[in-house]
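Presented below are the structures under discussion, each in the form of structure tokens.
The two complexes that follow have chain A in common; it is paired with chain B in the first and with chain C in the second.
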Partner chain A sequence: MTPPPGRSFLTDALKRFTQNRLAVLGLILVSFILFLAVFAELLSPFPYDQVYFDRVLLMPFQHPEHPLGTDEVGRDYLSRLIFGARTSMLVSLSVQMIALLIGLPIGALAGYFGGAFDFVVSRIIDIMTAFPALLFTILIISVLGGGIPTIIVALSITSWIIIARITRAQILTLREQEYCTAARGIGASEWRILFRHLLPNAMSPILIALSFGIPTVIFAEAGLSFLGLGVNDPIASWGKMVGSSNAYVRVYWHLAVFPTLAIALTMLGFSFLGDGLRDALDPKQKIRV
Partner chain B sequence: MLSYLLGRIFSLAMILLAVSVIVFALMHSVPGGPFDERKGRLPPAAKANILKKYGLDQPVWKQYVNYMSHALRFDFGIPFQRPHTTVAKLIGKSWAVTVQVGLCTIALAFTLGILLGIYAAYHQNSWVDTVVTFISSLGVTVPNFVVAMWLILIFSVSLGLLPMGGWGSSGQCLVDRYFCTDWILPVVAYAIAPMSVVARYTRASIVEVMGEDFVRTARAKGLSEVKVMRKHVLRNAQIPMVTALGTEIPNLITGSIFIESTFRINGLGKYFVTSTLNRDYPMIMATFLLVAFLWGVLYLLTDIAYTLIDPRVRLGAKSLS
Partner chain C sequence: MGELLLEVQDLHVHFPTPEGRVKAVNGISYSLARQEILALVGESGSGKSVGVLSLLRLIPSRDCEVRGKVLFEGQDLLRLSEAEMRGVRGDRISMVFQDPMTSLNPVLRIGDQIQESIMEHQGVTERVARGRTLELLELVGIPEPSKRYRHYPHQFSGGMRQRIMIAMGLACEPTVLIADEPTTALDVTIQAQIIDLVKKLRKEIGMSVIWITHDLGIVAGLADRVAVMYAGKIVEFAPVMQLFQSPRHPYTKGLLNSLPRLDSRTEEPLEAIEGLPPNLIDYPSSCPFMARCAARANVCLSPPEMRRIAEEHQVCCHLAEGG
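Our next item is the complex of A and B:
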């Protein structure tokens, strides 16, 4: 089916996306968080690890210099929230990037060539989906120790599986299509068919899976830091802020309110964006990946 | 049917074997062990004795074979963190709590989710539908420990109505130490996400079935609205609902690490975290095997449930991915 002249698939998708109000809201939220993450040093009033021993546990607006108050060791809460965005974005975007770099080639090769390689990849996927990914992540972190690089490694180990599974399934259905037979008929090489014909057609679901993978990783990082298994002090992380607020929440409610709102808004933003992308890129498919 | 079942059980056994090898290898791949002298020095003889007692002085593969031969007889060893009990007992005790949380959550999530889904589907595009859709998309997205924090802030901190944590240890109870006021917040916080999933699936599948020709026929032949819903719509909308059930129950029954640590519930998830922090090999291993086993069995049961509900579904049919 050829699109009407002057309208490519992408402009069509763009139009569908911009007409979706929730998707645009998601894009705005995500851009705002990314902006905070990139320009954290310029935007935050204090360094994230600056400690004021005389300003411990201030309530919001109690002190003119600390609009959102301070935490239990006297660090400006607004600054820590802004730097928390950086941690969250750094972890989630790098994990999805690594997941794509590992999962896409492995899934594509397994799906296209089959054979022993496919057998091994499928068994790995079976094993990794046989128990909650979170348990495995916690085990890896307990082996490797905490910190941002370890979290990225640990979450990547479980995230590439999803990309590989989707890519493999896509390639498996697409390689039976007529255009693939036709390409083979006119003498295209296997690699050309894989890269020029199959992968571009498999990209939409992979992109959608990636965009839904980001909130999953944000949740995982926040959750691990919440449990005390994630980033180390003094790096700011929303999850860790929620976790350490637990002991003070009876009086100092602000310690719990702001980071939980930040997590919730970020996850909502990314899932609206993901929903919008899915509706724009793949209008046929209505089921969540 | 029998050969299908045998095949599934065989692959479950293979997966358990693989999981045990991977976890065992990971746990032993790093230097240091549970008896590192971080918390005080031990005389070398005493240390050698302890290592010998727990079999840690032998080569790794021998430790693995040793472990598995005991595990097959349901002897999972002694937890390093609590030497006076056994892993099987500790897991039994903590899992009992987790199952209580899970069953209450399943009951709440599925009753509310199905009712909301049916209501929203029946009053499609009304304000109720919009509210249900909005709440369910919030519930799917926002992490449960964030919801838990909000519930604590509202119901414990500001209103002072419900206890902040515990499981049968604070607040009033209905029966003995069961169904207490401190059960409410964890169950509600834990139930919101699965409830949203169930409500979504229920709504979507009912909306789809309501558009079918046989529903129009049923209405045209003068059946009452209740009968149309019960006999024609709900019966056909069951399959997607079982899909939701099947994927949510393994999660719920193995518990939430976050809910258990937010509300200080001594369940499986909380022990898993303390075990990994203390490198408690026997506990970690047994938890992994238990969770993988439960997941495998529950997914198998869901697949069997499909055939009971829908005779058109045949087990073992080839499918992609």
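Our next item is the complex of A and C:
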């Protein structure tokens, strides 16, 4: 069936996306978290590192200035939650960006030209896939020390593999397409065929992989920070907030519940968004449950 | 006939596979004159497509072996560097592919796909290329080109896509257009339009055409000369009228007899050629058609050579007689 002229693939995709309620909910959640992350200074009532020694471990609503209470050194919990969004977004978006910048060209070149380069790339992908990613990340962080830049580097090293693998697989199938031979037939160079003709066709699955990669990274960062391997004090991170509440959580439940809720909502938002993107961009793969 | 433009000499294309060498094309030779339309006919697997794809070195498989000579304007295309070859493809020799549904890139606007070839070869600005693209779309009969060039392939029907492919092939006014079954996927009315278009363009821009088909009806209405292929060889090569009136090779005769005719009685069954083409891995040392040939004799155990039996008529059969 040929759709009526004037309706492009993107218009169709947009329509499929907006008709999917969960996808729109995901988009709203993600936009909200991004909004918090970008405007954290304006939105939070206190600086994230402001310590009040006389307001240690307040419960939610116990003090009118601290609706979500304070932590064990007397910092406003709401402000730290908002700044935690910034840490999560900064780490996850940078990691996926680096993964894309490294993984896409490597995967594309390996898939298109094959040969020795493809052999080496494929073996690296195999080894990295077989190796437990978390152990590898912990190893790198223990060598390089904590902090946001190190976390980004460590998580990027394992994340580009996924993008490279997907890009390579896409290009491998696409290069056998007739339009690839047709492009060669009008005298297009190999680079032009790869970057202008094949990569745009491979973008949907890559985009979907990126959007699913973001919650994975958020979770990894939270996990590392929980273990004390992540961001350094006094930077706020949801994972670290849960981790350092360990000793008080039986009484001061809010210390664990709010950051956990924040992680869960963010992950949920990105998962819904990813599902929605997949259904919208790749309608053939839709699995109806 | 006019001057000689393209000469293929003893072309072989083999694919080494784990099961053995697939001998897809086995020593074909032909020539193409300026403004001539040459038809290559034969059944599926007879090496028609591989034979022309290898002229432009477009065979996707990395490990195929091509031997022979392809002389075009004094150069052997098989000896050119990849960069020189890119300059020939799409500019002086261009190709129209068989399947309009898969040969256009789904994510690029059709205008950009046509324009790409013009900008690649003629080094003109985008505006000039765009103007030329609109003219081409007009020429191949796409209504409202200035609106349609912005559309994507999925917004066109099969016949329109095939015309877009032809526009791509014609973009740089090639000297030779190679068309690989360009009308097979189309219905007969569109088919007729496309054939008329090609004939018109042959006169207007003076191009030569190699037209691959298995439809003998198209051949009769379009071609100047016909090469009949069987198992990777040309078995008969003749001007179109001569081939239809006095076919000499048993395979050509079989092909023509298997066509339904308007003047035949409907109760008569169509004649089919018994058997199957030979296995291209286990290529026979005899005449490749021998196993299916009704007229076979002992002499057929040795492979026949191409013989000239009339001025323009060549046949690859021991038993064919002149006349």
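Quick note on the criterion: the second predicted complex is superposed on the first by the 282 of 289 C-alpha atoms of A that agree within 3 Å, B and C clash if a C-alpha of one lies under 4 Å from a C-alpha of the other, contacts with A are read in each partner's own complex, and residues count from 1 in each chain.
By our rule, a residue touches a chain if its C-beta (ideal position, glycine included) is under 8 Å from a C-beta of that chain, and two chains touch if they have at least 3 such contacts.
Only a predicted model underlies this, so the values are computations on that prediction, with no experimental measurement involved.
K.L.:
Do chain B and chain C fit side by side on chain A in the superposed arrangement, or is it a clash?
P.N.:
fit
K.L.:
In the overlay, answer first, second, both or neither for which of chain B and chain C A:Arg184 touches.
P.N.:
So A:Arg184 only meets chain C here.
K.L.:
Of the two partner chains, chain B (first) and chain C (second), which one does A:Ile263 touch, if any: first, second, both, or neither?
P.N.:
Only chain B is touched by A:Ile263; chain C is not.
K.L.:
Is A:Val56 touching the first partner chain B, the second partner chain C, both, or neither of them?
P.N.:
Neither: A:Val56 stays clear of chain B and chain C.
K.L.:
Once both structures sit on top of one another, what is the angle chain B-chain A-chain C taken between CA centres, to the nearest 10 degrees?
P.N.:
Angle at the centre of chain A: 100 degrees.
K.L.:
Now for A:Leu135: first (chain B), second (chain C), both, or neither, which partner does it touch?
P.N.:
A:Leu135 sits against chain B, while chain C stays out of touch.
K.L.:
Report the partner of chain A that touches more of its residues: chain B or chain C.
P.N.:
Of chain B and chain C, B contacts more residues of chain A.
K.L.:
For A:Leu101, decide between first (touching chain B), second (touching chain C), both and neither.
P.N.:
In the superposed model, A:Leu101 contacts neither chain B nor chain C.
K.L.:
Look at A:Pro215 in the shared chain and tell me whether it touches chain B only, chain C only, both, or neither; answer first, second, both or neither.
P.N.:
first
K.L.:
Determine, under the contact definition given at the top, whether A:Asn201 touches first (chain B), second (chain C), both, or neither.
P.N.:
second
K.L.:
Could you state the shortest Cα distance, in Å, between chain B and chain C after the structures are superposed?
P.N.:
Superposition on chain A places chain B and chain C at a least C-alpha distance of 14 Å.
K.L.:
In the complex of these two chains, what residues of chain C are touching chain A?
P.N.:
Within the complex, chain C contacts chain A at residues 53, 56, 58, 60, 62, 86-91, 94-95, 97-99, 102-108, 116-117, 120-121, 148, 151-152, 154-157, 165, 168, 171.
K.L.:
Using the touch rule from the top, collect the residues of chain B that touch chain A in their complex.
P.N.:
11, 15, 18-19, 22-23, 26-27, 29-30, 137-138, 140-143, 145-146, 149-150, 152-153, 157-158, 164, 251, 254, 257-258, 261-262, 272-273, 276-277, 279, 284, 287-288, 291-292, 295-296, 320-321
K.L.:
How about chain A: which of its residues touch chain C in the complex?
P.N.:
2-6, 8-9, 114, 176-189, 196-197, 200-201
K.L.:
Across the complex, what residues on chain A touch chain B?
P.N.:
Listed in rising order, the residues are 123, 126-127, 130-132, 134-135, 138-144, 165-166, 168-169, 172-173, 215, 219, 222-223, 226-227, 229, 242, 245-246, 249-250, 253, 256-257, 260, 263-264, 267-268, 271.
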